[in-house]
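Consider the two complexes below, in which chain A is the common component and chain B and chain C are the respective partners.
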Partner chain A sequence: MRAFCNRDGLLSAFAMVSGVVPARSPKPILQNVKLIVDEEDGSVLMGTDLEVGIRHRVLGVRIEQPGAVILPTVHIGSILRTSGDQELEIITDDDHLIVRGQHAEFTLPIEDASLFPEVPDFAATSYHVIPAGNLKKLIRRTIFATDLESARYALGGVLIELTAESIAMVGTDGRRLARMVATAAVENDPPAPAGTPVIPVKALKLIERNLVDDEVLVHLAIQSGTAVLVRTESAVIYSRLVEGRFPRYQDVFPANIEVKIPLEAGRLRLAVEQASIVTSDESRGVDFQFSSGVLKLSSQAADVGSSHVDLPITYEGKPVGITFDPRYLIDALKTLDDATPVTAELIDSKNAAVFKTTDHYTYVVMPLTRER
Partner chain B sequence: MTARVRSTAVGHLDADCFYVSAERVRDGFLRDKPVGVLGNQGACVIAKSYEMKAAGVKTGEPIWEALVKCPEGIYVKRDFRWYEVLSRRMLDVARELSPRVEYYSIDEFFFQAVTGSGQTLQELALAIRDRIWDRIGVPVTVGIARTRTLAKLISDAAKPFGALAVIDREAEEKLLAGRPVTEITGIAGRRAARLAPWGITTCLDLARADRRQVRSLLTATGEALWWELNGDAVQAIHTRRPAHKVLSRGGSFGESTARPVVLYAWLVRNLERLIEELRFHGVTTGKLTVAIQYKTGHAGAGQRALPVPSDRFDLLLEAARPCLRKAWLPGVQASHMHLIAEDLSARGQYALDLFDPPQRRARAEAVALLKEQVNDRHGRFALRSAATLHLPAIYRDVANAYDICDIRGKICF
Partner chain C sequence: MGVIRQLPQSVVNQIAAGEVVERPSSVVKELLENAIDAGATRVDVSVERGGKDLVRVADNGLGMAPDDLALAFQPHATSKLADVEDLCRVRTLGFRGEALAAIAEVSRVRCQTRQAEATEGSEITIEAGIAGPIKGCGCPTGTVMEVRNLFFNTPVRRTFLKSDTTEAGHVAETFARIALAHPEVHLTFRSGGKIVHDLPPVTGMRERIAIFFGRELAESLLWVESRLDNVSLWGYVAHPSQSRSSNKGQFLFVGGRYVRDRSLGHALGEAYRGLLMVGRNPVAFLHLEVPPEEVDVNVHPTKIEVRFRDPQRVYSHLLSTLRQTFLSSDLHTRLQAAQDQPAEAAVTIPSRSEPSETDGGFPGRAGAAATAAGRGATYELTARAPDRQTVSSWFEPGRAAATPTIPDSVGRVEPPEWSRSLPGQFQFAAADTFDEFGGSAAAQATSPALSRDVSDSSSAPGETASAIRQRHADPELAAGPLKAIQVHDSYLIAETKDGMMVIDQHALHERILYEELRQRVAAGKVESQGLLVPEPVHLSADEAAAILEHRELLAELGLDVEPFGGDTVLVRSTPVMLTHLTPERLVRDLAEHVHTQPIPPSRDAMVAELLHMVACKAAVKAGDKLSPEEIEALLERRHLVADSHHCPHGRPTALVFTKAELEKQFGRI
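Moving on to the complex of A and B:
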């Protein structure tokens, strides 16, 4: 194989792919990435940990002799970052991989490229189509609510629900639940996936990093109920789905809402952040007192102190008090633009509270309680 | 040696072969005879009298080996409830004579040594020792020095039934020169091996070593010991135990087992004991670990995070079951099991679980409350899970109803 690679093009693909590469693996070849250079199909850099994989297009490759090569992640990363060359020559012979710039040359041991596991390409003919901006929003607004350590349910990822007009994602850790629905379209009427497909957090982070231009359309397909494939402008991401059962989340949305309170995301976040300054591990809660015209936030922690924060609100109704772990609210509010209108739907201090936005985002959070 | 120039110092009180002494308090027949106290299921000698020590019996030795070395010995099963009773009486006496007492372990206290008018520290040491002997009948040794570390070394040197105050540097150095560095609490084999190449083998060698070198060899812990050996008290007396970061229950099975049903019974027994402890301390756990040791030397462990920190039996058992499955080596004889609760949080404020139906929650909490009330009234384990019925011998033997780890408030195990 012999190719001349534009350093910036290779570096940007490498930055995406190397995130998947495991630092340690019982299969050492997985600690590397694989570069394929081909005139017809284009050049691709790929990496996988066998759970998640990525094929990323490499731009600016001049091919002298097509082929494939295993690139050791640590060394290639350092070479690409420190090189001042615009173009790097990559050559292989029977024994070595040589990376050559104008003033530097690196000879590295070579591995058999055919031993690198195949990273599936996007072969689906029927799939969902969604603007990158929407998919990014779906991921950002749900991924933080997951629980990687859950043993009871498959909460280490985000549940994806597909219809002909929309894609919904749901993330929960058992104490709060985030659900977002975004408009989508379908190509060739994809079949409804079996079971409850849950995409692991690692794959979602990778997908999100690859969504650069909000307007570009992204293709998404669930493969045989066991894997998800996402095709972006420059990459195909593959991931096995999380095994296990996702809880029946529909039951957590409270019925009989007593009050609806209009709020604004940014101002609410700042007030909650202020009130949470004076909390401790032993006393984490912030008390929310909603009353006509004002939300009073207060917290008190032994040996730390107390805080009182007032937030003017446009609410005229009966007073409601509830205690939240402020971290749960801040996590969700951080994903919203400051000017986003939010409606808080409450029953009382013991039942789940629901926060909704007009763009189909719903966040359910359990209050803190002192009962025992 | 017993100077009047210093009126306050640190004292260390250590009961002499405490478990044996406690048995002798309630049975005078055991006085002056070789006595061994046996541990779980009577398998090992966990404490011995000086007479039995003279016959060559070591702590931790199996009963069958001890019987060969000391056939005339009298072997009794441990009774931690009784030992706690005496331990707390000793604590009360120590508190009469000192404003600050640390309940370090069941048979060791540190205290602030404050002399009365005209009293020397030596007289104070004698007074504490003799008052405990007169009132309770347990022989103790008391050491008083400028620091905790020195006080403990002094009481170790003065055993048995000693009382010694050493305050001036010359006497301290004489004592330190004769004690190997491994006698300092916190310096065992590996740390001693790090010191040996530098010629540091005695306590005095360590005291005279360069402070920075000691820090580089033994980290900040070692440096603290260096200050203490040189008479600068840097280790405080804790009159209250700091909050637990981890709570654990478990131990040896006595008789090893490979039967899954028996392992599960132990899991449930240890879980019920762990929940008692969580509730006593007013905390819930966010992470549970089940660790098993096997006769082959292998070990297995499983860990689960809980959706919401909890002290509820049903939720903790739900988390513990897969941990046991992960820790289990089928067909291999298991000898020990421990349940470890981490990520402890105060029970005061907690978030409910979205997927824990309120009816189930209410039922589980009602059962927990009932269990607690019945056991408070009728005795520990009066009401317990049916899974523990596979351990009839354990529950039949009252010696198993109370363990050393059930004695609360002490700093050290």
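Moving on to the complex of A and C:
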């Protein structure tokens, strides 16, 4: 193989792909990335840890002789970052991989490219189509609520629900739950996936990083209930789904709401952040006292101190008190624009509280209780 | 025709014998107790073949009149009881009037007795319950009971007896129990013609403990004493470093009678909670004085169990007394290095290239003097004597000047000649070492003596030597800047007032965190985080029952559980401080804890269990490298903790090497 690669093109692809490469692996070849240069299909850089895989397009490759090569991640990364050259020449012979710049040349050992596991490409003909901005929002607003430790349920990822008009994602750790719905279109009427497809957090982060331009349409397909494939402009991301059961989350939404309180995301977040300054790991709770015109936040921790924060609100109704772990609220409020109107729906201090936005975001939090 | 018939008296007695007389040690117990009830001040016990052939108990007590003698061996005949009311206030060890009859039924008994005012004694011989005539005889005041050929007429029982040594062991155990309970009685014990114990009367139990269990244990004992209403408790409990794998080391005496009591044994274990490693049992010798009306001793044939009228009160009394004692005591583990290490030392040292005379002859510990003597008395006579003078001459003023750091070094052995010719690799900065003497007029004089001191310590193997480098740290880790070193990223070595301390960083940090958490939790309320999806947890049937039984208590701690059919419980909320644990793990751990406690756990005990889980997770682990600042902070916070001696699981947090022990190790004293 012989090719001249544009350094910037290769570096940007490399940055995405190397994120997937495992630092340690029982299969040492996975610690490398694979570059395929081909006149017809274009050049592709790929990496995988067998759970998640990515194929990323490499731009600006002049091909002298097509082929494939295994690039050692650590060394190639350093070469790409330190080189001042516009173009790097990558040559393989029977024994060596040679990376040559204008003033520098590196000879590296070579490995058989055919031993690198195949990273699946986007082969589906029927799939969902969603603007990158919407998908990004779906991921950001649900991914923080997951729980990687859960043994009982598949909470180490985000549940994805596909309908003909929308994609919904749900993340929960058993104490709070975030659900986001965004509009989407379908291509060739994809079949509804069986079971509950849950996309692992690692893959979601990778997908999110690849969503650069909000307007671009992204293709998403669930492959025979075991894997998810996402095609963006420049990459295809493959991930196995999390095995296991996702709880019946529909049950957690309270049926009979007592009060609805209009709030604003940014101001609420600031108030909660302030009130949470004097909390400790053992005494986390921030008390929320909603009453006409004002929300009083207060917290108290044995060895830290106490705080009182008032937030004017436009609520006229009966007073309600509830205690939350402030981090749960901040996590969600951070994903919202400051001006976003939020409606808090409460029953009492014992039942789950629901926060809703107008763009179909629902966040359910179980309150803290203090008993003695 | 009826098949039920009244059994003849002899059969009745044999059946009773089965309850009271199980083996020779039972006979010893009954006879010894009779002797003590008779007011004896001296009792001689001797056994042959573990008591199978002969049990002889001779006392100098009241004795019996000839008329009583025959009656004494009748069943249900006793001088200790008159009517039913007496049964409720038994002050003697025995009262049932069964033992002698039962023993006489299954052996050959000869009894000689004389009351002090009688002119001659009387004697009776009974074989398998058939009494011979009462004859006059000459004998000293008191009673001599000889029980021969136990179970000779019940061969089946005899075959169940164990070997002579085993039976002798049981007898010795019985003897020890009674000897501990009655230190004021002169007791002797012979087995197979040899004197095993000769215990002159003493005022306290401690001497007897030393005899039976060794000096070391006796020296580690803590005196406990308290009185609550009419229940008084006194005795000794052992330092937590002394523990046993079984509860054999626990001696509880109620009214001078050795008893076993599960609930008090548990109270003892509770008192030591956090001080002993899991699976170890405390050692204790405790007397409980309870008014006879408050305790029923008539529940067990050999009276080894008793019932208290108000067990809960006795339980809490014992528990609180012991806790009080521990809080006011120094419970650092004293390392028994001297016993463990000489072998190592002997192996390590000759590997150095020393002059040939040292080969195989290294004075591992106290052997120094012996070795020196064996090698020739040259420096023993010349060098040592002047050195000793030098030391004592400079040391006296030093001691007066409030630096009691090394009083133990008085009279140390002059280091052998070869130690001075050792390679200098372990020569530490001498100036640092002697800072503590700065200002003392004797400072100059110390240098030569202690330089040798340091070169001597260079013969120490590996770590011990490097630890000595920290000599100049301040006493008891208390005041001033503290220096300690970390070894293997797991242990801290710090100097103390009279030695050094090796600290397990994880154990100490865990303890500190635990105490801090405890204070915080005690001050505040326990927060509980609700679960969106209640989590079912499958437990074993008894665990589920235990958990559900304590639902309300758990709810107070923020763990909301409810039955979910079968052996499944549903968790609705978990304590906030433990949100990193899965509900399942939490419930399982607690279920196990609740289930294994014989008494209902208190809220405090449950909180303690929860806090253990938190502290253990949060503490630095063995293998975490600590910066000097972190070490300092850790050691400083040590004093904030009420019991820094043990981690919450009961492992010791620190081992103390006293200077005396170190010097013993190096063959210096």
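FYI, the second predicted complex is superposed on the first by the 370 of 372 C-alpha atoms of A that agree within 3 Å, B and C clash if a C-alpha of one lies under 4 Å from a C-alpha of the other, contacts with A are read in each partner's own complex, and residues count from 1 in each chain.
In the analysis below, contacts are C-beta pairs under 8 Å (C-beta built on N, C-alpha and C of every residue); 3 or more make two chains touch, one makes a residue touch a chain.
Note that the structure is a prediction, hence the values are computed from the model and not measured.
Superposition note: with chain A as the common reference, chain B and chain C are in steric clash.
Contacts of A:240 after superposition: neither chain B nor chain C is touched. When the shared chain is aligned, no partner comes close enough to touch A:100: not chain B, not chain C. By the touch criterion defined above, A:352 lies against chain B and chain C together after alignment on the C-alpha atoms of chain A. After overlaying the two complexes on the shared chain, residue contacts for A:152 are found with chain B and with chain C alike.
Looking at the shared chain after the overlay, A:303 reaches chain C, while chain B stays out of its contact range. In the overlay built on the shared chain, the residue A:281 is in contact with chain B and with chain C.
Once the two complexes are laid over each other on the shared chain, residue contacts for A:174 go to chain B and to chain C alike.
After superposing the two complexes on chain A, the stretch of chain B that clashes with chain C is 271-279, out of 55-63, 253-261 or 271-279.
Common to the chain B and chain C interfaces on chain A are residues 149-153, 172, 174-177, 247, 249, 252, 281-285, 323, 325, 352, 364, 366-370, 372.
Across the interface of their complex, chain A is touched by residues 517, 519-521, 523-533, 535, 555-556, 558, 573, 576-577, 579-580, 582, 584, 614 of chain C.
By the touch criterion given at the top, residues 149-153, 172, 174-177, 247-249, 251-252, 280-285, 300-303, 323, 325, 350, 352, 364, 366-372 of chain A touch chain C in their complex.
Contact residues on chain B toward chain A in their complex (touch as defined above): 304-305, 307-308, 318-319, 322, 345-356, 365.
By the touch criterion stated above, chain A contacts chain B in their complex at residues 147, 149-153, 155, 172-177, 247, 249, 252, 281-285, 323, 325, 328, 352, 364, 366-370, 372.
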